[in-house]
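Quick heads-up: structures coming right below.
In the two complexes that follow, subunit A is the common piece, with subunit B as its partner first and subunit C second.
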Partner chain A sequence: MAGSGTAHLRADEDVILKAEDVVVEFPVGNTGNVVHAVSGISVDLRKGETLGLVGESGCGKSTTGRAILQMPRPKSGSVVFEDTDLTTIEREQLRRTRRTLQMIFQDPISALNPRRKVREIVAEPIDIWWQEEFPRSPVSQAFERYSPWMTGLMGRLWDIAKRAMPLVAGALVFWVVSQAVEETGAEDALGWTGVAAGIVAAVAAVVVVPFVVVCVVLLAGWALLGILGPITNIPRWFKMRSQRSAFNEMADAKVREVLNAVGIDVDNALERRPHEFSGGQAQRISIARALVLEPEVIICDEPVSALDVSVQAQVLNLLEDLKTRYGLTLIFIAHDLAVVKNVSDRVAVMYLGKMCEVAPPDTLYAAPAHPYTSALLSTVPVPDPTVVPSTPEGISGELPSPIAPPSGCRFRTRCPRAEDRCAEEEPAMREIGDSHYVACHFPLAPGERPVSDEDLVATGGA
Partner chain B sequence: MTDQAERHAPSTTYSGTMGEPAIVEVEEEAADEGRKAKRKLGTFFWVAVGFLAFIVLAALFADFLPLKDPGETFRGRSREGPTGEFWFGNDNIGQDIFSRTIYGARVSVFVAGIATIIGIFFGSLIGLVAGYFRGRIDAILTSSVDLLLAFPALVLALALIIFFDNEGDNRRFWLTVTLGLLSIAPIARIVRSSVIAYSDREFVQAARVLGARDGRIMFKEVLPNVIPVILSYSLVFMAVLVVVESAIGFLGLSVPPPTPTWGDMISKGRNELEGAAHISLFPAGVLFLTVLALNYVGDKLREFFDVRESVI
Partner chain C sequence: MTDAATTAAGQGLRTQPLLEVEDLRTWFQTPGGWLKAVDGVSLTLERGKALGIVGESGSGKTVLSRSIMRLLPRRGIKTEGAVRFDGVDMMRLSPKQLRGVWGPQVAMIFQDPMTSLNPVMKIGRQITEGLRVHLDMDKAEARETAVVLLREVGIPEPDRRFDEYPHQLSGGMRQRVTIAIALACGPKLLMADEPTTALDVTVQSQILDLLQREQRDRDMSVVMVTHDLGVVAGRTDEIAVMYAGRIVEKAPTKRLFTDLRMPYTESLLNSIPKLEYRSHTRLEALGGRPPDLVNPPKGCKFSPRCPYAKDRCREEEPPLREADAPGHLFRCWYPVGSPEWAEARERLDGAAPDVPVQIG
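This part shows the complex of A and B:
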């Protein structure tokens, strides 16, 4: 499963987003270890298509979604959106591009600021970009341009200062000792102490004093820009104020339009705060906020997992409807296979930061080729009371630690079909049927007995 | 649409006017009830607020109130207990303790109040930046703050006051500045921890996806959530500063005589505690009540502003 490889990427004209070999790693405290959250995932998106991303909890599907939005930026790999590589562009350019890529979060209540009214929440995106039309003063722009550079520099200087601390302390100790030696007149016996102290003090003076001076000058300049920035922006503020009411009218109309589109009772909702809504309503408001900027791609990070089943269906229908109405392209992240099957045009199965299988949902669900996909499908409840579930516990074994993932194919520790080759060689993505791709050395042939969760090898905390 | 309806049976209507009106109604009532329940602050809260308002107003308008001159010594009345004319009695040189307590509030309450405002302003700014950006900016700011906190506050306060204002000619101003500087560090810590909790929330990430700048996220998304915490702590903080100011006054380093301060008044009575305890006890009592009221109001306000966040 550990499939890296990009065989499943398409070279079409209408592919609008292509992520290649995306790697995301998180440090584990100060241990020097890293969590290999996403290790070389490649996905692409055609305009108007819905890509379903499924896998167990902790397999890196949400991280993949966020990596596409550069939150945080992936460690390596590329994310090309409409001919721009998001991983290399500047922060400011990224900020501007990101509004065409929106996100819907799992917990709708947490995704809405509890202190703001629905009107403000939904109007916020329009407000942000309306304010962008009024250029900031040059001073303020300079401050913004140099701030990341300044903070980076300050951080580096801080690291140096931290390392130099023993040097400064040592110089102090030497100085004190040499003073004491001079006082007691033992100079002749311990002459080297004075010399050493002199040398260290001189070095400290030559190094430390200019260092401190440079730091102070840089900081002062930066602080001055920071203080002057808002002051020079006052005319801009007045200009904005004069056009505020016209904007508010425009924003209000837009807010009403999208809230209507997501089925929220507008007049009732505008002046309310998020905690006054149910989960389903809050998720609609989240969707409205994502829609306001008329994005091209929306990444839905488990948008219905937190909702109860009847509301799930409503929100899914809504997404489907909005997709056609606004011409959206969706990445739909979920752990619920049934949900993904219904909404997706293409499904990608992930396991422990790697891609297992990519196929259209009908193919994938009818003839899964990867043992993991097959096992995953066997856990989907069947709405038939006469069917006895194979194991009540679900898939056996635990996800191996993403800090030290298994060699070769990452699924091999739980795979009933694993052989020596799986430990040595990582399987690459290859096409096994019509737009059906799998990363496995020993895929299931169509019609073969599917792998049930009972077949999975229980991993004993390996 | 029919296709989708089949897919997700039972399909529920979600569009426009049909959208869950019944549920909205029910929740409206529940929310109103919740709001009403929250509005109750209790009688004692209003008593405390009333007391604080009385102290502040009396201190502000002391000159216009029918009070005795706080500097006037009434011959033959020294160490006399409370009477109808002198409500709190007279001190060891015969001055009116009631009038002096009111005038003393000017120093205590206003020094503490303005110092708190200074501390809140800079402390919140530091805490906000440190908690929002994290990383090395946080490391730098937090270690500077820790450095300040490592000094014993009262000793540092005394040292700073002497350093700023050795002659004592502008003691009120420098006292305020010193106390303000000293309150920056603890406030920055409180704000920082609160900001960290909110900066991880999804609505902050959502704002980032929408393209909001860091400044906007800090002030529009994070700060409004932190302000209630800041406000309620600010009152508790003011209480601490009132005590600190009195302690400094007790040590004789607050605003010099003849201006009355609570600390100075308590200090003057300490040798008379056996014979004429009221000299110390009345200003100490007012000090105690002020601090208690500030703490209580601060706590209640924090409870009051705690936003309910419904769980799905």
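This part shows the complex of A and C:
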């Protein structure tokens, strides 16, 4: 597994999001090493579909989800959402796109601001976008637009000034001394000081004075813009104020609608704070917050992993209902295969930053082709005492370090079927059945198990 | 007194159960009144057997395990009932005597291996500490034993790992270390409080296998506390299901899965997504939340969430009664399988899409 390639991407028109060859790396301190979190992942998403991303912790499934949202931006690769490549568009444009791409996190309590009431938490996104409907004056827009640039420039000018300061101060002292020498009439002995003083004065006139003047003008101009901005925004402020109450009513209705949709007792909940809710309810609230902007795609990052089984079932059912009701497209990230199978239309198995296998869930679970998928499947605890818990077939040990991933197929160090070829050549994604793709040199035939029991005994299970 | 306690523990009759919990109550003082986290739990555990305690968060399963271990603080807590471990009443032991029991008699593994290990102490020292105190080993001997233990719990290169700190190990490895620490002094009873909840699926099955192997090899008793029935299914002899601080059903594992009686157990089992289900199978989710334990509902504590509840359930609390099989206890007026249940079930099946149905 652990292969690259884009064979599993689909070319039809329904695809609303397509990530190709996404690479995300994180530096390791100052060592110069990098963590290869995601190394060339490609996924696509049809409208109304749920894509399940499964894998162990550290396989890069959350990083993939975040890379799609451009937080952080991937090192290379493209993420095309509705004909725009998110990896290249400007910050402001990206911010606007994020309205339609929302996220739900694993730990619902820490995902909600503990100091704010549920009403404020859920209404905040619509409030922000309502304010955006009232354009700011051109002056303040310019101020905002150029402020990162200006801050950078100021910093650079200040750097220059800091470095030049000793020189200028030295020259000044020198000039004062030369004046004093002139006054006392000792110029015969120290005549060169006069010449030097002339040079210093010339340099000051040509370099220092214009520099200072430029700085002062820039600063003054900037300050003026800064002051003018709020002043020119006064009409906007009045306009917003006049429509505020209408908006509040609208927002309140919207907040109530989504909270109702996620099954929260609205009247009791609105004035409470997150700590007063159980994990399951808090997760419902964070789902409501993600829904309130009517997004198209929601990325659910382990939304039920922190919940109890009974609550987990509630939230899973809820997600299915909401998907139908709001026409959502979901990316569902989880490590529990049974959960992923339950919600997904397509499942992608990841290992150490690479894709192993992509297939519709029922196919994947009935006939896993990748040894890793098969091993993962065998580890799911079955609530049935007659099923003897099997050790993961042939898979032992833990994930190798993503700082120096194994050559070739990244799974080969734990794979019972690995051969020399796996170390040399990275397997590419290929189709082995109806929309069933696998990245493995030696995939399993349907029904085959990665190791026979005799093999296990012979090799001591290693 | 210490000697008396430990020798009595050592000489406990082979025939009597290892652990007997009788009508245990642990109540916490809160501004609203007493919170009845554990409210009248009785259990027995034979030597060499494994018991699973299952329930949602807030059902009191963790408090129960800590009450048995006597790990709870004393202030603001009322504990009643008896916990007899190997013939010794744990509730009467002084803190000093308890130190003699923790380790060589009873040991515990916690959910989060990072917070249960000391981050500034090498793991070797954390293992040898118990060996040196309880078993009077010298340094070299303790090191040797610890390395053997580390190898036994499946840590590669135990000699090198001995001198490492917890942060240098992965989550699964850390949990293996806590297991090694717990096993070091050869306890008779191992309490495992959600030992795999913080771990990955692949690591989870490795750790569960390890626990099961150790239990068998050492003829040790294990109490496994978890919220996931799947975790305890193939690995315990008996399962106790807790709800609102009480045991609502207790049965031998096989019996519980084939012939359960308590609607709560049924709901728990049905809410687990299973691999055999087709994708998009609607899960039979249990609505609502565990009840307020300060002012619990009248009658059966589960009645507000029970799909089959009748008037009697809301008025009268059912006692823990025996089913037709030995060792199978449940707490319900109209248990699964009874005519009233069948009738209610039929009504539900006809009316609601709450049963597994295919939706697309």
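What we mean here is this: the second predicted complex is superposed on the first by the 358 of 462 C-alpha atoms of A that agree within 3 Å, B and C clash if a C-alpha of one lies under 4 Å from a C-alpha of the other, contacts with A are read in each partner's own complex, and residues count from 1 in each chain.
Note that in this section a contact is a pair of C-beta atoms (placed from the backbone, for glycine too) under 8 Å apart; a residue touches a chain by one contact, two chains touch by 3 or more.
Every value quoted in this text rests on a predicted model; they were computed, and no experiment measured them.
K.L.:
Which of the two partners, first being subunit B and second being subunit C, lies in contact with A:Gln314: first, second, both, or neither?
P.N.:
A:Gln314 contacts both subunit B and subunit C.
K.L.:
According to the stated criteria, A:Asp265 is in contact with first (subunit B), second (subunit C), both, or neither; which is it?
P.N.:
Only subunit B; A:Asp265 stays clear of subunit C.
K.L.:
If we overlay the two complexes on their shared chain A, which of subunit B and subunit C does A:Gly279 touch? Say first, second, both or neither.
P.N.:
After superposing on A, A:Gly279 lies in contact with both subunit B and subunit C.
K.L.:
Thinking of the overlay built on chain A, is A:Glu56 touched by subunit B (first), by subunit C (second), by both, or by neither?
P.N.:
So A:Glu56 only meets subunit C here.
K.L.:
Just checking: does A:Met429 make contact with subunit B only, subunit C only, both, or neither of them? Give me first, second, both or neither.
P.N.:
neither
K.L.:
Name the contact category of A:Leu337: first (subunit B only), second (subunit C only), both, or neither.
P.N.:
Second partner only.
K.L.:
In the superposed arrangement, which partner chain does A:Val380 touch: subunit B (first), subunit C (second), both, or neither?
P.N.:
Once the two structures are laid over each other on A, A:Val380 reaches subunit C alone.
K.L.:
Starting from the residues of subunit A touching subunit B, keep only those that also touch subunit C in the other complex, and list them.
P.N.:
In subunit A, residues 278-281, 310, 313-314, 316-317, 320, 342 are touched by subunit B and also by subunit C.
K.L.:
Touching residues of subunit B toward subunit A in the complex: what are they?
P.N.:
Of all residues in subunit B, those touching subunit A are 1, 4-5, 7-12, 14-21, 23-24, 27-28, 31, 133, 135-137, 139-140, 201-203, 205-213, 216, 220-221, 224-225, 307-312.
K.L.:
Show me the residue ranges of subunit A that touch subunit B in the complex, using the header's touch definition.
P.N.:
The touching residues are 69, 71, 95-96, 98-99, 101-103, 105-116, 124-125, 128-129, 144, 151, 154-155, 158-159, 260, 262-265, 268-269, 272-273, 275-282, 284, 286, 289, 293, 306-307, 310, 313-314, 316-318, 320-321, 342.
K.L.:
Help me check something: in the complex, which residues belonging to subunit A touch subunit C?
P.N.:
So the residues of subunit A touching subunit C come out as 56-57, 278-281, 308-314, 316-317, 320, 324, 335-339, 341-345, 360-362, 365, 375-389, 391-392, 395-399.
K.L.:
Under the stated contact criterion, what part of subunit C meets subunit A in this complex?
P.N.:
Within the complex, subunit C touches subunit A at residues 56-58, 156, 170-173, 200-206, 208-209, 212, 227-231, 233-235, 253-254, 256-257, 267-275, 277-287, 289, 359-360.
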